[in-house]
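Structures for review follow.
One chain, subunit A, appears in both complexes that follow, with subunit B as partner in the first and subunit C in the second.
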Partner chain A sequence: MSKTKISVNKKSEMAAKINKILFDNMVTILFIVLCIIEIILSGQSAYFILNELVARIARNSFLVLSLIIPVIAGMGLNFGIVIGAMAAQAAIIAVAHWQIKGILGFLLCILLSTPLAILLGYITGKLLNKTKGQEMIASMIFGFFANGIYQLIFLLLIGTIIPMKDPVIVLSSGVGIKNTIDLSGSIKYSLDNLIKLPLSITLAIICFGFMVYYLWKYIKKREKKNLFVSLLFIIAGGCFAVIYNYEFMLNKINVPIATMLLILALCFFNNFICSTKLGQNFKAVGQNMHIAGVSGINVDKVRVNAIIISTVLAAWGQLIFLQNIGTLNTYGSHEQVGMFAIASLLIGGATVTNADNKQAIIGTILFHTMFIVSPMAGKNLFGNAQIGEYFRVFVVYGVIGVSLGLHAWKNQYEKNKLMKQ
Partner chain B sequence: MKKFNKLLNRLGIARIIIILFFIALCILAVVIKLPISMLLSETIMRTGMYGILVLAMVPGIISGTGLNFGIPIGIICGLVGGLYSIEFNLNGFTGFFTAVAISIPLAAAIGYGYGLLINKVKGSEMMVGTYMGFSAVSLMCIGWLLIPFNSPAIKWPIGKGVRVTISLSERYAKVLNNFMNFKIGEVEIPTGLILFLFINCLFMWIFLRSKSGVTMKAAGDNPKFAEASGINVDKCRLRGIILSTVLGAVGIIVYAQSYGFYQLYQSPMMMGFPAVASILIGGASTNDAKISHVLVGTFLFQGLLVMALPITNEIVKEGDLSEIVRIIVSNGIILYALTKAGGGEECE
Partner chain C sequence: MSESILEMKDIEKEYFGNKVLKGININVKPGEIHAIVGENGAGKSTLMNILFGMPVIHSTGGFKGEIYFNGKKTEIKCPKDAMNLGIGMVHQEFMLLPSFTITENIKLNREKTKNNFLSKIMGEKVKTLDMKAMGADSRKSLDKVGMTIDEWAMVEGLPVGYMQFIEIAREIDKSNIKLLVFDEPTAVLTESEAEHLIDCMKKLAEEGIGIIFITHRLDEVMMAADSITVLRDGEMVANKKRGETNVVELAELMVGRKIERLVNKNESAENEEQKETIMEIKNLKVLMPGEEVKDVSLNIKRGEILGIGGLAGQGKIGIANGIMGLYESKGEVLFKGKAFKLNNTSEALKSGLAFVSEDRRGVGLLLDKSMELNIVISSMQIKNEYLKKIGFFTQMDSKNIRKHALKMINELDIRCRGPQQKVRQLSGGNQQKICIARALTLKPEILFVSEPTRGIDIGAKKLILDLLVKLNKEQGMTIVMTSSELSELRAISDRIVIISKGKIEGILKPDDSDADFGLMMAGHYHKIQKEEL
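Up next, the complex of A and B:
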């Protein structure tokens, strides 16, 4: 009798737990379902989707991850990463002009863009300190404003005030940079092509890595669960290794290992910084600026630092993005970067006040899956690929709008509750 | 000197730069012998064209919801009204006023919904508004593909959906502009257009002095005080947003009749920004606006844009400075207003 009661209790506890998980991850689950439906509707092959997806994850994750630190510091979603992207593009234009090839060119781009991004990040941070409470709209408008300056420099000042003679990059009139710059003579694939492995081998390595991790955990804690998990991973890893020896689509998909390692390093960096003093300050300021200030933290400086880090990371992210794309759209490549990265992060379940690496990566995967399959799904459903394309644009704006709205709503609700008390 | 300093303070650094830039452009225009009369008539025409969209900012600011970046929502309502007037095959003033008549109730209804939302997100109205505007525009992109229209002027000849731009040249393009227009010397005055703007401004002026308008202003100035003295702040804000949305809808029809085209799909997306910038240049802030700010701001901003293009063409042969000036000036002034609104203090 009592036994059944306990089991019932356990059951309802489980149900409550599941309910909570479902509720907390509502957005992500919604998008998982949406992605599955769209994949089925699109009828595209797994090879095509996976191939595109791997490329897009490598291309975009870094940018999405660069958003995390300002969120921790309580500054919301940093729409100003566009400014970092502009710094990167300025560096790329210089390197394309000097025609420095391969990884050397890429490193030079990093070298050039970093100080520029630090300077621009500093300015952005100063500005956002003047617009506390409205950081997101201010960073967005500042992005637009910086775009104007960027156009002024590269469309009018190049060739008139800044001397530059290069028939490949500069417009035929001698004033202004061309609309598109082909990077195949400079940094195209410079990072991606460093190390490349088939997806099957990559997955096998990842599985073996996890196996070692859980085995180590087992040795330390002596929990049976860990041994079991590591066993699962060794089987999975073995399967992938076997697949490598046969004709299978997983072998035809190449993974840019160097790029992925950089992304992984950034994940570790984000985690690492949270454990340092700087990171603790970010958290303190993020939770309550006033209390942080009273307890002796220089709030303004901490906020500026958060934005500088984010801007520099965004610049590197844009470099990774463009070396994969291979052509620089001088006046367009940076415009949507912020929007797409923010939408990705939010789809992963992040909010204006809470974001982590896992959400960034999951969000990137879901967002880009949707991006890949939407046009075909739209075509098969409505007979018009355009609808799918507009739908994905709508999702970008919609998810940002809804999540900002929900956040503000929650704030107001809590404030009202506090006032009533 | 004191008076001068006071004036400088009131104008603010951003506005001073813009005014100086405007003056510099004027001098340059004279120096390189551009036809001043043509520039002036163009500026006047564009002031009338954009005026009502800028006027739409006033009720939003007064009612305390800040700069209404969600104006694309109103614009879409106006476009729907405009398309139905073409669908009914109407021309001239009948067509124009039918478009306005259809769009007003639509905009009021949608503005009501949008206002309810805005009341739920106090403190982040601008950010949420911007993204609600963007979402509405992109959702409507799907809408334009699916709404059934039959008029061949609207539909693509083959395939589904509505054309990207719809010409009004055979219907009611420039009906307001050409209504009783006359010339002073070389300068063309589009009487109807300017008159329509002035009538709208006058209505707004009267409204702001009516009981309803005064309570709205009180609610916007100090919501807590207003609430304590028995004003329903949420209702006032709702009224402000509805009015703003309706004016946005009327504004785009006026804009389109002067421009000669309805532009659909993605084009309404960024239309809120010049409107916001104009009223800020005129001297408004995020919580205070007057009718005079609308007129002065629109004239200054449009004047800048009109002059920038031919002047750059004289100096550098390639490149469009006008577009760059638009981006820098409009976003610069918005940024400036935001820093003044926050004022470096914590928004709790």
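Up next, the complex of A and C:
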């Protein structure tokens, strides 16, 4: 009798656990399901999807990761990263004008955009300190405002107040920057082409890296589990290495290693910051500004710092994005940056108050898988690629709305549970 | 005996011409536990604000008097000065971050750090936290306060009792601590936890730390304190050693004042049992943050003035807010014998209840609208009165509104330039009258009034109370008044319910003794009665 009771208990415990996992990750799970359905509907080849996906992960991850620190500091999703993107584009226009090629041009872009992003981040941070509690909408509107100034400078002041003679970049009237700027003469692929390896080799290297990590863990902790995992990785890595010697699609997909390393470095940076005094301040302020203030932390300054870091990272992220795209859409490239990055982060399961590297990367993968397959899925389903295109846009705004809504609903649900007790 | 660690001499403080401290002297020796007792508004928190140099003191014109710390005259200009001197505070509301571990909370903003490859270039800020050293420090402090809990446990989800001790551990972790202020530390603790806390306080005192213990619980004062100061209305009414006094005397000192009864005694005592019950409340629970009601059962009788009293944070304000549906509530309420739906404000208003909120400027009034609109807006919304119908559209019936507003201005004696004046420009007392006028416009059967005299000068206070009495007598309106000021409850109520820890501690008559009121407010009326039995 008692035995069955225990097993029933265990079962219901398991069920409760699974329930909790489903409940906590419902946004991500919803989009995984959607992605799988769309992949099947689109009928695209694995090669096409993977190839696109690798390129898009390299292109977008940095921007998504730049959102994490403001979330930790309790400032919500920083729609203000478009301001960082504008700083980057200003630098790119300058470098395109000087026609500095390759990685040198890229480094110069970083050098130019960083101080600008720091300044703009400082201003944004100051503004957000005046609008505590409404950071998200305030940063979004401030982004629109900054866009106005950006357009004023590059559409009107170039050629009139700011002297610039460059028939390639400047409009034929001599005033204003052209709508699109070709970057093949400057920074196109400057970072991506630095080191390139086939996907199979990359995966093999990653597997061997994990193997070493788990082996080291095993040596330290002497847990059998770690040894087993490292064994799995060595087998997987071996397989990838073998594949490299045969004709297979994984060999045809090239991975921009330098870009990926930068993204990895940013992940480490985010973690590193969290383990420092500065990160502890971010976390304290993020939880409760009042308590942090009482214990002597300069809350306003901490918040400004968080936004500065985010803006600078966003500027670098936009540089990575544009060197991969290869053309600068002077008045459009930055506009959607905030929306797309935030939608990615939210799909990964992040919320307004909680985000980490893992969520950023998973979110980027899911979001862009959806982006890649949507048009074809739409075409196959409705006979019209336009509808797929519509789905793309719908997904971006929809996910932001849905996950903000779910977040509020979860809070409500937990409050009700508290009430019932 | 050794020199005092803290001496506050002739402290006086005025807020806008209103004297809140009138010559207080406090003297704390190292190793002494000095209790300060007094009702809400007696001046305890103002005194502590002065000690900590809080900005609220200096932005309102500073204070008079002198502070000596460690025998030296000192000026404390900001909380940081106090911290540097070695004055620590254990807050009443917990200053703990829920998703940090205990260690992280104890070392908040005093983290131990070590160098890493970046900190040499980018400075102090990016030094890595030395979690191991922080943990060791925290362990030491936790041991000192007698906590065996794991220092790496998350604060979120810990029992409330633990949090208080973590706060104490944080204060004594500061190496230079000399004086520790406990601001009502036992308010949220269970009895055994409170005893543990007092033991811990005594242990700290033995180490030579001076302790100021602010509390309402008088038996704890008797248990812990070496000397006791009683404040009342900003005055120091007594300064006693432990042996010289007892709980009953302290209760009297705390509350004692002349009570001016506004209602005739024999009138109010009129055979109460015969009055019909208009509202029956059973097991009411209200989830109002800071004023949680845990289990209240109460009968409200037709035509009475029922007072609800108690200390701040005990839940007295939650009752009216809960019934009116402003905060989530649970329980069974019968209104005129029929079941009453909770959590629905418009339903409550429709069925004949009206509420004058304690948050006059926040919830109560549309400050930038005219008086007349403020008076009728609820009835327009709830009862569709003062409206004209033109086809599908409704319009405000401005003629009727004006007439009614003038009538109210006349009846309630609202001092204003006219019905179109903006509410923001009126004084607190007149704003309160407008709140009441609006409630009256609904023609309620029960009027709930919360803290009707908060922030109103003394003259106007009396007018408001007179008004309530008049409504009760002339129109037979049932009034439920919640107030922190016992004297005004005793001035007009027929019965007074005292709430403590979210439950009813007892129901008293206005002319019961000061000691009974004092003991009930402090929440151990029953305890003493039990002992006597």
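Assume the second predicted complex is superposed on the first by the 392 of 421 C-alpha atoms of A that agree within 3 Å, B and C clash if a C-alpha of one lies under 4 Å from a C-alpha of the other, contacts with A are read in each partner's own complex, and residues count from 1 in each chain.
Here is the rule we use: contacts are C-beta pairs under 8 Å (C-beta built on N, C-alpha and C of every residue); 3 or more make two chains touch, one makes a residue touch a chain.
Keep in mind it's a predicted model, so treat the numbers as computed, not measured.
Novice: Looking at the overlay, what does A:L232 touch: subunit B (first), subunit C (second), both, or neither?
Specialist: Neither: A:L232 stays clear of subunit B and subunit C.
Novice: In the three-chain superposition, say which chain, subunit B or subunit C, touches more residues of subunit A.
Specialist: After superposing on chain A, more of subunit A is contacted by B.
Novice: Could you say whether A:T276 touches subunit B, subunit C, both of them, or neither, answering first, second, both or neither?
Specialist: It touches subunit C, and subunit B stays clear.
Novice: Touch check for A:I291: first (subunit B), second (subunit C), both, or neither?
Specialist: Only subunit C; A:I291 stays clear of subunit B.
Novice: Mind working out whether A:L50 is in touch with subunit B, subunit C, both or neither, as first, second, both or neither?
Specialist: After superposing on A, A:L50 lies clear of both subunit B and subunit C.
Novice: Which partner does A:T160 contact after superposing on A: first (subunit B), second (subunit C), both, neither?
Specialist: Once the two structures are laid over each other on A, A:T160 reaches subunit B alone.
Novice: Pick one for A:A241: touches subunit B only (first), subunit C only (second), both, or neither.
Specialist: A:A241 sits against neither subunit B nor subunit C.
Novice: Can A:I32 be said to touch subunit B (first), subunit C (second), both, or neither?
Specialist: neither
Novice: Which parts of subunit A are touched by subunit B and by subunit C alike?
Specialist: In subunit A, no position sits in both the subunit B and subunit C interfaces.
Novice: Contact residues on subunit A for subunit C in the complex?
Specialist: Its residues touching subunit C are 272-273, 275-278, 280-281, 283-284, 287-288, 291-292, 294-297, 418-419.
Novice: Flag every residue of subunit A that touches subunit B in the complex, lowest number first.
Specialist: 127, 129-134, 136-138, 140-142, 144-145, 147-149, 151-152, 155-156, 160, 171, 173, 175-176, 289-290, 382-384, 386-387, 390-391, 393-394, 396-398, 400-402, 404-405, 407-409, 411-412
Novice: Which residues, counting only subunit B, touch subunit A once they are in their complex?
Specialist: It is residues 69, 117, 120-124, 126-128, 130-132, 134-135, 137-139, 141-142, 145-146, 159-161, 273, 312, 316-321, 323-324, 327-328, 331-332, 334-335, 338-339, 341-348 of subunit B that touch subunit A.
Novice: Quick check: in the complex, which residue numbers of subunit C touch subunit A?
Specialist: It is residues 79-80, 83, 91, 95-100, 104, 108-109, 111, 113, 116, 118-119, 124-129, 287, 328, 330 of subunit C that touch subunit A.
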